[in-house]
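Report on the following structure.
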Amino acid sequence: MTVPDPTSTADASTDWDALPDDVFRMEVRQWLQANCPEHVRFPAGRMHWHECRDWWDILYRKGWIAPAWPRALGGMGLSPIKQIVMVEELERHGCGRMPDQGITQVGPIIIRYGTPAQKEWYLPRTLSGEAIWCQGYSEPNAGSDLASLQTSAVEDGDDYVINGSKIWTTLGMDATHMYVLARTDRSVKKQEGISFLLLDMKAPGITVRPIRNIAGDDEFCQVFFDDVRTPKSNLVGALNQGWTIAKSLLGFERLGIGSPRRPQLAFARLQKLARARGLFADPVFMDRFTALRLDIADLSAAYEVFVEQVRRGEPLGADVSLLKIWATEAMQRSSELMIEAGDEHGALGGDNDVDGVSMNVLAPFYSSRPGTIYGGSNEIQRNILAKAVLGLPQ
Amino acid sequence: MTDAAALDQRRLLADSVADYCRRSDPLRRARALRDTDPGFDRSAWQEMASLGWLGVGVPEAWGGLGLTLAEQAVVARGLSAAVMPEPVTAAMIATRAIVGCTDGALKASLLEGIVGGAILPALAWQAAHGDIDPARCAVVAAPDPSAPGALLLDGSACFVVGACGADGFVVAVRTMDAPALCWVPAGTPGLSLSPHRLADGRPVADLRFERVGVPSGHRLAVGEAAHEALAAALDEGQFAIAAELLGLSQRVLDMTLDYLRTRTQFGRPIGAFQALQHRAVDLYIHLRIGDAAFDQALRQAGGGDADRRAAAASRAKARACETARHITREAIQMHGAIGFTDDCDIGLYVKRALVLSAWLGNARLHRSRYAALVPLDAAEA
Amino acid sequence: MTVPDPTSTADASTDWDALPDDVFRMEVRQWLQANCPEHVRFPAGRMHWHECRDWWDILYRKGWIAPAWPRALGGMGLSPIKQIVMVEELERHGCGRMPDQGITQVGPIIIRYGTPAQKEWYLPRTLSGEAIWCQGYSEPNAGSDLASLQTSAVEDGDDYVINGSKIWTTLGMDATHMYVLARTDRSVKKQEGISFLLLDMKAPGITVRPIRNIAGDDEFCQVFFDDVRTPKSNLVGALNQGWTIAKSLLGFERLGIGSPRRPQLAFARLQKLARARGLFADPVFMDRFTALRLDIADLSAAYEVFVEQVRRGEPLGADVSLLKIWATEAMQRSSELMIEAGDEHGALGGDNDVDGVSMNVLAPFYSSRPGTIYGGSNEIQRNILAKAVLGLPQ
Amino acid sequence: MTDAAALDQRRLLADSVADYCRRSDPLRRARALRDTDPGFDRSAWQEMASLGWLGVGVPEAWGGLGLTLAEQAVVARGLSAAVMPEPVTAAMIATRAIVGCTDGALKASLLEGIVGGAILPALAWQAAHGDIDPARCAVVAAPDPSAPGALLLDGSACFVVGACGADGFVVAVRTMDAPALCWVPAGTPGLSLSPHRLADGRPVADLRFERVGVPSGHRLAVGEAAHEALAAALDEGQFAIAAELLGLSQRVLDMTLDYLRTRTQFGRPIGAFQALQHRAVDLYIHLRIGDAAFDQALRQAGGGDADRRAAAASRAKARACETARHITREAIQMHGAIGFTDDCDIGLYVKRALVLSAWLGNARLHRSRYAALVPLDAAEA
């Protein structure tokens, strides 16, 4: 077959999903090599909007910004397995994660639950990057126990009036819009009185306070609402249906969080350190290093089992959480071995010269922390597995 | 065979093993046969032959089923989940060595006998504990001055699993210029066995060779062919042992989860206590990782590259050892005082896991072999 | 000072407690070297009565069989700290544990709560070894949850009639008598309806079934009661006071269960294996070995902290459980390293030749199992520490 | 001093440190001084001098308190529990080296200046990361041809903690035939600093010496005396760092237990969940074991045997590193998302633990040094 010129401008009508998986994979790989700007490859953390908008535009013009959306709405219309291929190739190439929650989170929700007006207004702007979304779920007093959230939305004329606060809002400072879970009925059980609302971040009464994390980065924000108004037309789905809507997203997307890619990258840094310091000749280091190497190789094997399941068109069960637990904890072990192997380099912040190689020895230590805490802490994941998979009594 | 057909085949085989285990009460037999010699039952062996399990990996030309290592693993796994006392894996390893040997009359008759259950073989090759390099062996073969073409063997082989009750031995020897594999029937003059008792009550033996005569027709392979037959048998053996470890791990986890669901303390099933729940989840994760690693390693082992096969075998064995260690130890603790009694079946599995983990190299050895065999490359990173 | 001839027959009137600690320690050490039969040193497990009665007699004649009992009742009248010295010297010399529950458990209870008749009859016989005691606390359905025990004692004329079953009765087959917790009132909260009774093991209706353990030994029994009668005069303390009486023993005796001696012995076996196999030149082995070595050395340090507390006359708190947790788990780690270091020797049962040295590589694996299960499982110990020491909410 | 008097002394000292920490708001200062140079406050330093803390281990003859390592550890522990930014331990190590040097005018005036706070010293000695052997150093001293009796230093010393802001350096050098310790005031021509930022935001520097002149009066010790002064300073430094690690571990555990008692999720304080309870208990056990090991090692370090002191120092440091690692990592996890924010004080302690663990040798290095120094004997077994 003839591989199309990867630099050609994409035709939105191309049916990428119709390609065989392998052909599609090579197509993506070659196109990324030719088109992805170097500055978005292997970033240290999450990229801010100003760091990646050029890359967004490139993907948007190619028609590849929304792999999961239907083609009729401007997406690629990929099957789950092709979406996985796409993610794998983006990860393989080291493409950093953009402020993509409009594409991955609220977009699909609007497509499924939104009114025609919501679809017409929000979807094209989300694709183009005109609307950058952040998520308003977590609250200071509702971390793992999300359903106990307190932020309220009260009807007043044509608006809802929102009061309260959201926290751990990833890249909230970059967002133009927010999708919010707010309590609209206090008289019912806690999951049942929650609604799903859209907000303009420019609305009066919103304060965004960046939260500096332990590594010194500003990935997260706390967002305060003081009588913030949003029109009733921004309610998605039915009133008090918010919990169901938010949970509806947990499909095969959960695979991503258990992908072996991040532990592999952490392990690659460990290798780099070991090479610089001549540790491959150290039997004690090699003993720990090889155990970790196999932990990550065997994670990949387990990941493939779930990918196969998606390929067969089967839904994923709660057991997929095991990938997240193993991946995030292997990454932390890798970061600990890196500290041990670094000797005094393990005490230095930022990039430093390690026997001739510039490295940030502690970066994996910091970057592996959120994995066990966010997205349902590993404690919560273990609770879920105990109940839903092992059937242990509650 | 298509993938789907292969899966069906394996399911059928697994069902047949499970069915046999259900009706043959292997746990009771395992208890009864502990600390006896040979520690298994020849009539059960004969039944297994009739079910085809002794020739799963033997090409059809020699009367076997002509299936792959994957199917052999299915049998090993299923039997191990029931602590079946018969030395199926040990015989499989010796059989695999013979299959890899140069075609000839002896090979054909041995395989026919093995598949039918009449000949039970064991493999004698290991020079020293903690050393699984097939290139080293401690039996030297010299020309027999009194019989042209024949050899005289001197030396020793340690840790021969299945030696007690075996009808003959595939023996790895060094000749002046090359390695070789010979067939030495049990009872050959000059061959003596020092039996030891394994932790699980089965026998194992060290073999001593003193001027043991091997007629020329009993040479199964020489040189590279002998080396490759032995190496392949050992690698596939590691897979079979890993399958056994995973099979018993799964059973032990199931038993432990059942216990957690039913045993009551302080007015609640102990499985309702969160600390135990989280630890049980970790056992489950280890099992899933172990299964996935095994299946992927099995696929990597195909294709004829000996280093790749060895690395894959080490990966499977290392992981299976860790999985079984973690699960069996926690199973004792979670069963409490009951788990420490001989009446509790957990103990049978714990001891079996100890034996299987040490046989043909423990986890540490296999991790280190893996590291030596597989270069670090960008693909893995 | 003149050290008395250690082989001399003891004078029961000697006030051992009056000696300075160091002098007493040397006295004990020398006497043990001169008098302790070789066959009771470093036994593989608990000794049966027939294996150690000669040693019991020697100690009895010396007047040393009951270090903690008052001198007036035939004991040594030692202070807690001297009792610890005595135990340390016995352990140091490798003296195996005898069926000593009469001395350590029920004797002190009879001394404290018994009637004059009970004292007069039982105490001398317990000292002489005429009465060998076993403990009847645990039941098949009341393991960690001891207070839920079901064995009943019902008044009938001058007797109590006992029905039910006890399990994990250490050396029950050797015992002539048993002390039992039995339920005498079902109408009250579970701890409050329990009484403490003494039993003659020859009473009709008692069946003793040895329980073989995973290592193949018969240390434990299950004991069945089928209308077993014991006279009311065998009730110790008040009716329904049994729980309080049984718990009254938990004093500084809890130090023994956290002593570093057993992990040290397990570690000594590991050293022996390492020496036989030349592993001191193996850096990976040495890495694990030294970590374990320090774990045990640092346990000794913590043990000494509690011994000092006893020396100052202060009661021990619930925190002493930390020694048991650390000691028993270090012992298990030691047994695992031994298995790894043993290669194929780690698959063999019983004594075997390991590179010229006769060893049972798996013995520490088996003997380290009960420690985390019995005497309050480590899970129960952690519950206690969380509540009583850390003050975590329940 | 009797045992009881010594205990009282330590309690008094601990109270004085705690009192100073309470009124000087060190956490706020630690935040404010992060990523600045020199990263501490000279007026606070002066206050510490007036409290006597800079001369705790300096004999009274030179104006110090003449106390032992145990009292120095009390100060280090207390200050570390509050993340006090001043480089007390670094100065203590340099001071200890000077105390061990040959008596003379320079020694007397340096110690007087140090105890009074006027001179802040740092020790420059380390040849390479991961190497804490005092016998190796990478600064060579050659006779200065232009000044009889003077030396010229060339070479480098890495990872000099407290270098930024120091008034001078105790420098370990090699002369033609023996080791020596010299005093090099900050700003001496030919001495240059390459500063790096530690994980906790404090500075550390590598020192470069290019024909740095040392007049004869600035030689503090030569030969065995220099070696022993350096070795003692490093061993005692390891104790001080271990004390810092334990002090911060205790504080972090207290903060974490408080959080477990008060943070509510699913309608209960999270400390009521058994899985977290058991993990919290493990942290507590680690701390108790760490404290006990430290105290015992401290007693073992006395008596003048250098190997015994080195082994004890390694034991204390290895254990303290493990204790702090375990407690700080779990503290982040148990604090959840909050624990990952810079606003949460946990992060200050986590980073401090990273720095202290790597400084003067990490746990692996110290375990291996312990094994090399302490023969296996029957007493330990």
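Observations
The letters A, B, C and D name the chains in turn, as written, and every chain counts its residues from 1.
One rule holds for everything that comes next: a contact is a pair of C-beta atoms (placed from the backbone, for glycine too) under 8 Å apart; a residue touches a chain by one contact, two chains touch by 3 or more.
Only a predicted model underlies this, so the values are computations on that prediction, with no experimental measurement involved.
The greatest centre-to-centre gap from subunit A, using C-alpha centroids, is found for C.
Among the pairs A-C and B-C, the greater number of C-beta contacts is found at B-C.
Centroids built from CA atoms put subunit C at 56 Å from subunit A. Rounded to whole angstrom, the centroid-to-centroid distance between subunit B and subunit C, based on C-alpha atoms, equals 42 Å. Note: centroid distance subunit A to subunit B, computed from Cα atoms, is 44 Å.
Looking at subunit C, one finds that residues 284, 287, 379, 382 touch two or more other chains.
For subunit B, residues that reach two or more other chains under the stated contact definition are 273-275, 277-278, 364. Taken together, the subunit D residues at the contact with subunit C in this complex read 257, 260-261, 268-269, 271-272, 274, 277-278, 280-282, 284-285, 288-290, 292-293, 295-297, 315, 318-319, 364, 367-368, 370-371, 376, 380-381. Contacts from subunit A toward subunit C in the complex involve residues 282-284, 287. Interface residues of subunit D facing subunit A in the complex, by the touch rule stated above, are 129-130, 158-159, 196-201, 204, 264-267, 273, 275-276, 325, 329, 332-333, 336-337, 339-344, 347, 350-351, 354-355, 357-359, 362-365. Those residues of subunit C that touch subunit D in the shared complex are 264-265, 267-268, 271, 286-287, 289-291, 293-294, 297-302, 304-305, 319, 322, 325-326, 379, 382-383, 385-386, 389-394.
Residue ranges on subunit A touching subunit D, taken from their complex, read 138, 141, 143-145, 148, 167-168, 211-214, 216, 220, 277, 284, 332, 336, 339-340, 342-350, 352, 362, 365, 369-370, 372-374, 377-379, 382.
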